[in-house]
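Take a look at the structures below.
Presented sequentially are two complexes of chain A, the first with chain B as partner and the second with chain C.
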Partner chain A sequence: MSNRKRIKITIDGKEIETYEGTLIIKAAEDAGIYIPRLCYHEALKPDGNCRMCFVEIEGLRKPVPSCLTPAKEGMVIRTDTDALKKHRSSILEMILTTHPMDCPICDQAGECALQDYYFQYDLKESRWREKKEKKPKRVHWGKNLIYDAARCIICKRCVRFLDEITGTQELGVFERGIHSYIGLFDGNRIENDYSGNLVDICPVGAITDLDFRFKSRVWFLNRTPSICPFCARGCNIEIHTNTKNPFSSQRVYRIKPRKNLEVNKWWICDEGRYSYEFIDSDRIEYPMARGKKTSWDSVRQEILKIVGKDVRLYVSAWMSNEELTYWMQIAKTFDWKLSLVGKPRGKGDEILKLPDKNPNRKGAEILGIREEIGHEEVAVVFHFLPVSLERHKIKIGIFTNKFEGMDKFDIIIPAAVFAEKEGSWTNFQGKVQNFQKALEPIGEAKSEGEIGEFLANTLGLDLQWEIGKYREEFEKELRKWNG
Partner chain B sequence: MRLFIEAVKGLGVTMKHFFLNMFYHILRFFHLSHKKGETVTTQYPEEKRETFTRVRLRHRLLSRDDGRLRCVACYMCATACPAQCIYIEAEEDPRNPLEKKPKQFIINLGRCAYCGFCVEACPEDALRMDVHVPEISEYKKEDLLYDIDKLTHW
Partner chain C sequence: MSLVITPWFGAVKIGDYIKRRGYEGAKKALSIKPEDVIEEVKKSNLRGRGGAGFPTGLKWSFVPRETDKPKYLCVNADEGEPGTFKDRYIIENAPHLIIEGAVIASWAVGIHRAYVYIRGEYLKFALILEKAIEEAYQRGFLGKNIFGKDFSLDIYIHRGAGAYVCGEETALIESLEGKRGNPRVRPPFPATNGLYDCPTVVNNVETIACLPYILREGGENFASLGVEKNGGTKLFAVSGHVKDPGVYELPMGSSLRELIYNYAGGVRGNRRLKAVIPGGSSSSILMADEIDVSLDYDSMIKAGTMLGSGAVIVLDETACMAEVLRVITRFYAHESCGQCTPCRQGTSWMAKIAERIAIGKGKKGDIDLLLDIAHSIMGKTICPLGDAAAMPVIAICDKFRSELEEQIRERRCPIERE
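And then the complex of A and B:
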């Protein structure tokens, strides 16, 4: 990057500085000027088939596609002349001659590029009096992908994604002209781990998600920025929730990626995208004693029994940095031992997935918590079962979801999952990333921080859970660790 | 004393209307006059007042020629509803070309403001409102939740 020449160009009267050879559409976007596009995607090689992104350059007779034209020193570019608006309107009119107006049944409605551009640039009645082209609808491409050829505008983003990002090349364009459609090559199904991203990059509703199909309209969803907990990479995600559906107790409707060039770029894997059920189903909603529902008072009684005994805390690699720091503080005060539990290692790949399936193992490492086996009398276990639980006499569990062997625990305290609390995780690069609270905790569940405060207060320790304070303490540790 | 005068004045107004009305009604009874202006009580269940054509009353879900509901569960009505009293659950319709149909469609008439926005918003003309049938009543609050069954049959 650095050896490329810095140049100055003018877009819509605004002078901007960029590198020579940067595509105009990219340079404009970096400067805050949005040029409409359907086929161009930052992550993919430009194709220039939709013709939406045309701009006028002074000195050139005709408009040029900004997604194929590199910037040169002194270019004067205009993006919003009347001629261009008319051009965009004509492009949209042409696309809409074959596009079925089935927005009422299309899941993309509300976040559809074609819909948005229509309202922005076209907004007139169709002059098309012929019949629309009939094309196959409801084609199943893979586990969670459903394709509607009629809605497809052949922007080829999906084809390019499978060529360039995953390299699996399942899709191609078949037939020509108005009859063309995207299809699977013989006998293929899209079964790679990044297929869900096709739904995100499709600018229209041609590729939709079977998992989200007809569950909710997109404008009913609340979007909360969060971090994916399923591996150590910590992909930036958005949790889409709706708690007002009277027919379903489902709260999380889908997971979408957020752009972060340093971590996950634009993508997330299918494991992270479709594994959100644990937030809503099989949750522990009340405190349990030996597999039976109990009250918080009896939890307090049970906790008082551990006074004066040797305790081992099995903190988990799914807890936030702040919670780990806070629990360390509690452990230090009572002179308890600490070890780490987490999910076992799984498979990784070259794109995003890492073998470490815990979001915050790095954070625990920074705080100096290691995986150890102990045989103290009391065990306080978070989220995951450690190897040698039988050696402990009193077992206190802090769990989010139901599991087999719950009745072996003297007390299980319901904990909030990551979507129900705020905090931060440290990913494998040592980047501390925040996640926000998307939902209220289910039932009587509490966040690990609040549980810590409850436990400390029960044992007569005045140590309050303040997320900001423990964030600062963690940052101190992080600075020490970084040297 | 002044209060007493005011009371008598007020009673005078009442009496004036009473006797005037009685006079008109007697004339009417003997078919002597049909002067409008007398106070009339509509004897409701037997006698019904005419409603204006612009009134908006209870909702109806319309069907297509082949018997399927017109509704495609697009949630436009639910989105437009200011009282948020329309609840829809969508499901896949295996019949082509409409892919979507409502599994449940409930209007809470207890909450409805009868503004008619839902009818305006409907892209399929599936939802309409009655004009001349003012009877919307239930004995229980729960019965005011009108589902597909109640909304399609009349």
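And then the complex of A and C:
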């Protein structure tokens, strides 16, 4: 769109530059002026139904919705006049007349547009003296979605999402006027791979997530920026955790997408959203020997047995760029062989999902690590079993979760999952993306970097795990690879 | 006095219609250039008879002449404004006026397919129109090579399913496309992006029915029937407490008093006139002393109301304004499509308050609340239905405030009836 004309407009006295034809609501947001909205979502075609985002434009008789009005050269726009504040207050009052006001039991409370705007623009007693409309509640839409028509404000974001993004069109508006509600077309259920996004884009508590329902108030959650590990796209996510809930040992409560226009836009797939269970359950919390709990001291003894032997490291496509670089360094020092393991290919789609189900195959590719089977005496296996381990006599595993055949390993060292450490992955586009530590490693688990240091020290090598240093070295390789 | 539409009433069969110089206007139109037809209509000062009063010739000229897309005509016969029954009379009594008008409009704009969107309840009239369309095809006035010219036009009837809002032109288009009849956001306007996203003209039945006269007698002749900027005559559907309710054709600029007393026979039972709703239920109510107003679009706006569809509802002294308010607010709440917040929430809220007042459960402050809600709706909705719901509430609450307050105070209707 570089051939579009740059223009100047004035919003609330601030002169800003934008492209001709940019919607005012967007131009304002880009300039740091937030115009309240309920139905507008930058990913979807504007619908203009909520009427919250009205602005005044000099020379126009009536206020106009800023989500439908393109910017033109020299426009003078006000977003904060008394008349507009009164208008927003009216819209909110009208919406709240039919709203059940059940914030105390609503999952959305704390991150609800209606709640926030009420405090910002309305904050007065309701003048509603009539009986509330009765509307369908607890409607199961399929998979993890529960719909409450009484809370719904008919902004149609959900309908438009299924129309414009997934193209699956399961939902429509039924009835009319005050009796309107969103419903499934006959014979439909929302079973598409992106259904969870409906919960995110619903500005109120009308669509809630069965997976999260009644589990935690949102203000108890810590939000940590991270990257989804489930395919090579590397969708930007936020991990929502709570380690202080006295009634539950659950640590991860939900995964939410983070906007990144170049990678995942505003969305994540349901696989990425709902597959966080592995972080908390079936974890290997202690070192294991032949399927039985053991001590770190015996791990050390076991490691010493490999001195002088041929070793092959099966590093995984789930390890970070830094860890891969570090382990390459270790392998080089001891003259060990190196190959790659990962999850098998799966299904991709046209929206986000890619067939490569590993977050960092690209990083390994950049470092020149290939998938191959070896026949050395010792195998050190990370995360995934290679096609065959038969030829290796000594098997050392570095795993996060319990699996079938654990007892065949001489030693298994408990590893931290991605949410328990920091690092970066290189996605299919070659973008290096950071994930941060959301949780402490479970039990005695350690990150692969720390495990590397432990192993190196045990073997008498003074090679410290310094994430910054190996990040730099990885970036050197990346620059070479990019030519 | 020349009349434009009613002289053809009774000419249902094509033979009778032709005997009364029917289809001469269409023949005339096809013998001149389309641009000249538009020019003639512009000269006539014909304004949209559906209620908005937008100049018809100007509306047509917004349609691009050269385009790769097909163009469409939609004849709006979804007559739904409470009190309005003029289009029904035209279809019932002179269906060929509509067909001839459609031929003229289509030739002028370059259209080869026209739809008549008729309200679902008008089954009888849809059948009459269908018969007339058949006759026109048989005579070669529709179909291919009309009047031997290289011009073809097909007309289809589409019956609505009972939604008032589908009379709004963009909702009509959505409905015609087979979708839910929700009004579209404008711009873009139908003239460029209408039916199937193609350039589309939407004209009311009465507007279309004026065209044969304009072409036959000339635009200036039509203009001279009315007053400045308001050409021709207008059909008025008079109902309510009058002796002779019915459809009357009067020149634009006649007085409302004249219509009520000289045509509709005055108030029934020699009672006193209380109020008049002059242009369909969405127009602002006029009090008895406000009826010396000229019936044309501009004068009515000056008088604080609107000519609308020309549906005049007369209320005598026995009318209970709380009841009027209840009926009107209930109608708009029922007919709101529900897509935009102020209309969906506001109309229903107003209806609930009005209902309470009418059954004697009004509360102090209700009138101010009604006014506040109505003002919050005005000008804030996607389509004019919001304004249509708010205007009568504002007018009734302002003009009959003391009566409504008495009703709230006394918990019963203050009107004495025998």
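Brief remarks follow.
Keep in mind that, in the parts below, the second predicted complex is superposed on the first by the 483 of 483 C-alpha atoms of A that agree within 3 Å, B and C clash if a C-alpha of one lies under 4 Å from a C-alpha of the other, contacts with A are read in each partner's own complex, and residues count from 1 in each chain.
As a working rule, a residue touches a chain if its C-beta (ideal position, glycine included) is under 8 Å from a C-beta of that chain, and two chains touch if they have at least 3 such contacts.
Remember, it's a predicted structure, so these values are computed and weren't measured experimentally.
When both complexes are superposed on chain A, chain B and chain C fit side by side without a clash.
When both complexes are overlaid on chain A, the residue A:10 reaches neither chain B nor chain C. Looking at the shared chain after the overlay, A:260 reaches neither chain B nor chain C.
In the superposed model, A:105 lies in contact with chain B only, and not with chain C.
By the document's definition of touching, of the two partners only chain C reaches A:177; chain B does not. Once the two complexes are overlaid on the shared chain, A:294 sits clear of chain B and of chain C alike.
Partner contacting the larger number of chain A residues, of chain B and chain C: C. After superposing the two complexes on their shared chain, the closest approach between C-alpha atoms of chain B and chain C is 23 Å.
Against chain A, the residues of chain C that register as touching in their complex are 163, 180, 185, 333-342, 344-349, 352-353, 356, 363, 365, 369, 372-373, 376, 379-382. Interface of chain A with chain C (complex): residues 47-52, 54, 62-63, 68, 87, 90-91, 94-95, 97-98, 127-131, 133, 153-154, 156, 172-173, 175-180. Across the complex, chain A meets chain B through its residues 103-105, 109, 137-138, 213-215, 217, 219-220, 246-248.
Partner chain A is touched in their complex by these residues of chain B: 72-76, 79, 87, 89-92, 96-100, 104, 106, 123-124.
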